[in-house]
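Which chain is which? They are A, B, C, D and E, in the order written, and residues in each are numbered from 1.
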């Protein structure tokens, strides 16, 4: 956590508009941004009660489709099936981008051999192929020790994304410790020189003292490389999907979303993600305006 | 002819006494070991968390900044939870106990109910969470409300209250019952005016201990899906909320090391609440012990 | 072992007694605890404003009989009865005879003092209150009258709000008697009321019983023959669930007609 | 002069509602007592209905005999519950190894050696251990016990079966100690005196007389404690990891049945997915396990009750 | 109330008795339960191969004295003692006198039969086993000998493996006696051993006591004066923690020298 996250509350907050409740759920990757925004927003609009669950991208959409939530955070774009279900349920929605996330591959600081991995190396390491993975399989100079894997829960957006770009829909190595609990991953990797894991960039930033990040094809994840797209293919945008009807009908929901878009960039930076270019937020605000 | 040589007995005596002494030490050591575990646990948590404990910690909402993170929402949420759990579980528990002790005939149904209660006491709390999720959250559409969580917790501690109340009612001397019936009192008058007042200390003690179990339970809340990103206090039992153990769990699973301290401080608050409740139970027990 | 019993009524000889009405008439009463035949063909007539003592060795059915008179015995689930008990002419086993009503008319004092864990005042007021008397002034009057009736008013009048367990056992027993008096019953049943008391308290309770018989009919179970001789007008001797002899106390103790009564009274068994 | 008490009583008893109350109350109380039965039925139905749906997607035998638990796989999700059961048993085994000797030893100390005063102080303190919320134990296991274990045995991973096993053991010690102590205290003093009067040492009395006489109660307490260990959730969720493994390794990350339910509940239990139904199937298995233990405990304490 | 007691020793008159040695000599024994002075300046000498009866009203300290002889009384934490008890010449309160050793020499039989919840065989073998006898054949012999000694061998020889609680109370009591015999004690202490038994079992135990005195010194507490008269050689009469009289049983019962003894024996109190 850095201190720079105190965002201003000039815009939406001053009018002391609304009261009411706003409910969101979804990606735990997006959660740190949302948590910050909710915290600041509560200072600006104490009468609006915002709850944000962290059921993961898929779980969030599930509730969104059921009409239980007003917005749903996602660390990947909405899927075809989810769009279909929403249509079936008669729910119109709007997609807003909030920030960039670099998916960071990390090892323990006690690991003194890995500095860089290629996308192929990653795939070789992480795909389940029935063998026991040893570091020496990737590079014969590396120790002949079994690799210990840590990954976010397989149903999270983070996993989906890794799955898509690295595993290409093959199975993740079955010996991996999967956890929705990010601390589980951080602690597990920290403690074991043979461990490797991946998770959202923000979590690496929060723990850069104790973890070592691996560069991918020679590019290390930084704000610059992520925003510029140089850190490929492991950077991705983060979204929130809002229920149009809720935005139109509820002042509170509209106001909160407006506040979110106005502050997402700063908050993203503050919690370790990368802000989008300002134009992207402006476009979001315009889309929002149109829904009022 | 003698089989037992007295000299022999005396000679062996020292060995037997030594064995006795050794085992006494072993048994004492085991007892102390268990107590030591408690001491270490408390010491460890206090040393970890004391630094973070302050008035602000009690009056702040949760925050993404560890130094600002407070426990207000969780503390008040837990109290709200008790607002539902205490009356529900005590009415159900004491009512069942009265039925079983005073009204039930010795038949199959009664012994089935008894068996049922003792078995319920052994059902893992996480399974109660599944029950709450299916019945209260989904089927009765209560969502992650205080009511849904409260009902779940009430059922979880119901067997404890029933058993404690049964014991308390059973320990009311039969002579008091006879005296009341002998005056021409009806059964219900006898129960309300004689038996319950006499049993109330035992019932209260058992209920408070059961409630403190409900305050500390985490697993059912997780299964129900109680959120943690929450910046407001509930205004009624239909509102969503968060609770102490949930908040502690969230903090302890955060990646930043500082949040471990916050979690420890949260645990101190939780333990203080429990200690407070337990001391009330002890006071009640001592105050009303053996009046007849 | 089947002795056919003929109805035990005391041959009334003294002129004063002829006028007395019967409060209880027991006819061919049998009682079983499950298979244990505890009362066998009991026939007894109990007169008003008398003290009737029931004596007999342990387990002979004294308490059982007493508890049958106000149907408290029915609290034991396995109990079955046959025969009838007429209270003031009406069979207490009748379908529509309310036990609560019966017990309101028939007070009971138990072996061990059993005050409620409440204040002395609340103990006495308990009966009137459950029967719907709420007026504080009337309750005050009843409490005082009952405590006076039980000869304990002077001892406790300054501590009516103390817990009834804060006084001595003998006082507690008199509180229990006062509690029974509070609903102004017709009959008072007492089951070994002094067996848990010291000699001085016993004396006080015995005097009280003598006093009370002016206004109440009293049936008292006792294992203490001297006590029966001292305070009762009639005595019934029970043995193995049967009434062996029932007569004026003087007669029973000076001139029993049954050998077993004589043996028991002279301490040869029991 | 006021009317007699009996007259006042007769007047107020004229009102009928007393009788109605006496009729209604037992019915209400019966309904209340039925809530616990409804709860059991609710639990069983909830679990069974969703589990049946689960079995329409995953064959029953694959579930109970499968040795791979890979629910999140895209291509080839596998739901063989044995790895979760093995994980549960590992933790339970360690907990039992820790808790049974200590718990029984403490019970012997309290019932046979400690003076009345010592017992009156120690027993409630010990019971405080049972009142500590499991989340606290979990935190303790992860942040204290595991690092200590790792400093002694470097091969132990941050998530392992040993640390939560030990801590679950600590948690169930009071249960064993307290229930066993109850069972041993129930052995009549006269029997103990009989043995002492023959020149037995206290240890001989404890070991040859009291413990055998209280054995059914002691065993029942152990069985109940094991049942608790099987159902324990937060300690394993925090400290045991989330790697379902069908092997005998205690030093690395494992997953228990309870931890799986929490894992899915915390994450994306998309309603209606096979994963969603799988938590009910696992919950049902867990329920069956603990129920068997409870019934066993009841059976042991009834069947082997010593007469004295 | 301070009666200065002089040491109670029975004036030895009969020539056969002069040779008998003392097993226990109690000198100025006092015992307190907390503040309750339960034994006061007890002086008693108990001879070997005799049956010594202790009688007295309830609460007079009979059991307490008996339990002091094998130091079982020390199980009550509040107990304090002064004075000395010499067993075979050695003070049992000596620092280095092991209670376990004392108790292997002095067997005890309690008021309520208290067999261990084990088989009959294991009950009897318990004592020998803790003293290190493991040989099955020797144990078998001891069990048989002890059961014969307690006159119960014939009744249980076919069910040695049955639980000791499966037999009647009278049999259980004899099992407890056999259990005490199994370690071949020197003295047997019995605290109202027949009070929980029916008359027939009582008779059997009484006969057994008579039999046992050939080999053992027996001290028996009883509330039954007939029993004391029937089976004992000497009788000590306790009252309020003091020994009022101690003499040959015939003397005590026919010609007591203290008025209180006479009153007690003739049933005037207690």
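Convention: a residue touches a chain if its C-beta (ideal position, glycine included) is under 8 Å from a C-beta of that chain, and two chains touch if they have at least 3 such contacts.
From a predicted model like this one, the values you see are computed outputs, not experimental measurements.
Separation of chain A from chain E in touch steps, taking the shortest path, is 2.
For chain C, the chain whose average C-alpha position is most distant is A. One inter-chain figure worth recording: chain B and chain E are separated by 51 Å, centre to centre, where each centre is the mean of the chain's CA atoms. Taking each chain's centre as the average of its CA atoms, chain D and chain E sit 49 Å apart. Centroid to centroid, with C-alpha atoms defining each point, chain A and chain B lie 38 Å apart. Each of residues 100-101, 104-105, 131, 183 in chain C touches at least two other chains.
Across the assembly, chain B contributes 9, 16-17, 186, 225, 252-253 as residues in contact with two or more other chains.
Along chain A, residues 54-55, 181, 184 each make contact with two or more other chains. By the definition of touch given earlier, these chain pairs are in contact: A-B, A-D, B-C, B-D, B-E, C-D, D-E. Residues of chain D touching chain A in their complex: 68, 70-76, 142, 150, 157-159, 237, 241-243, 245, 252-253, 263, 266-272, 275. If you check the complex, the residues on chain E that touch chain B are 98, 100-101, 104-105, 128, 130-133, 138, 141-142, 145, 183-184. Against chain D, the residues of chain B that register as touching in their complex are 9, 16-17, 19-20, 23-24, 26-31, 33-35, 37-38, 40-41, 44-45, 48, 91-92, 95-96, 98-100, 103-104, 112-113, 115-131, 133-135, 155, 158-159, 162, 186-188, 209, 212-213, 215-219, 222-223, 225, 245, 248-249, 252-253, 260, 263-264, 267, 270-271, 274, 278, 282. Those residues of chain D whose C-beta lies close enough to touch chain E in the complex are 115-116, 187-188, 190-191, 193-201, 204, 208-209, 212-213, 306-308.
Within the complex, the chain B residues that touch chain E are 2-4, 6, 8-10, 12-13, 16-17.
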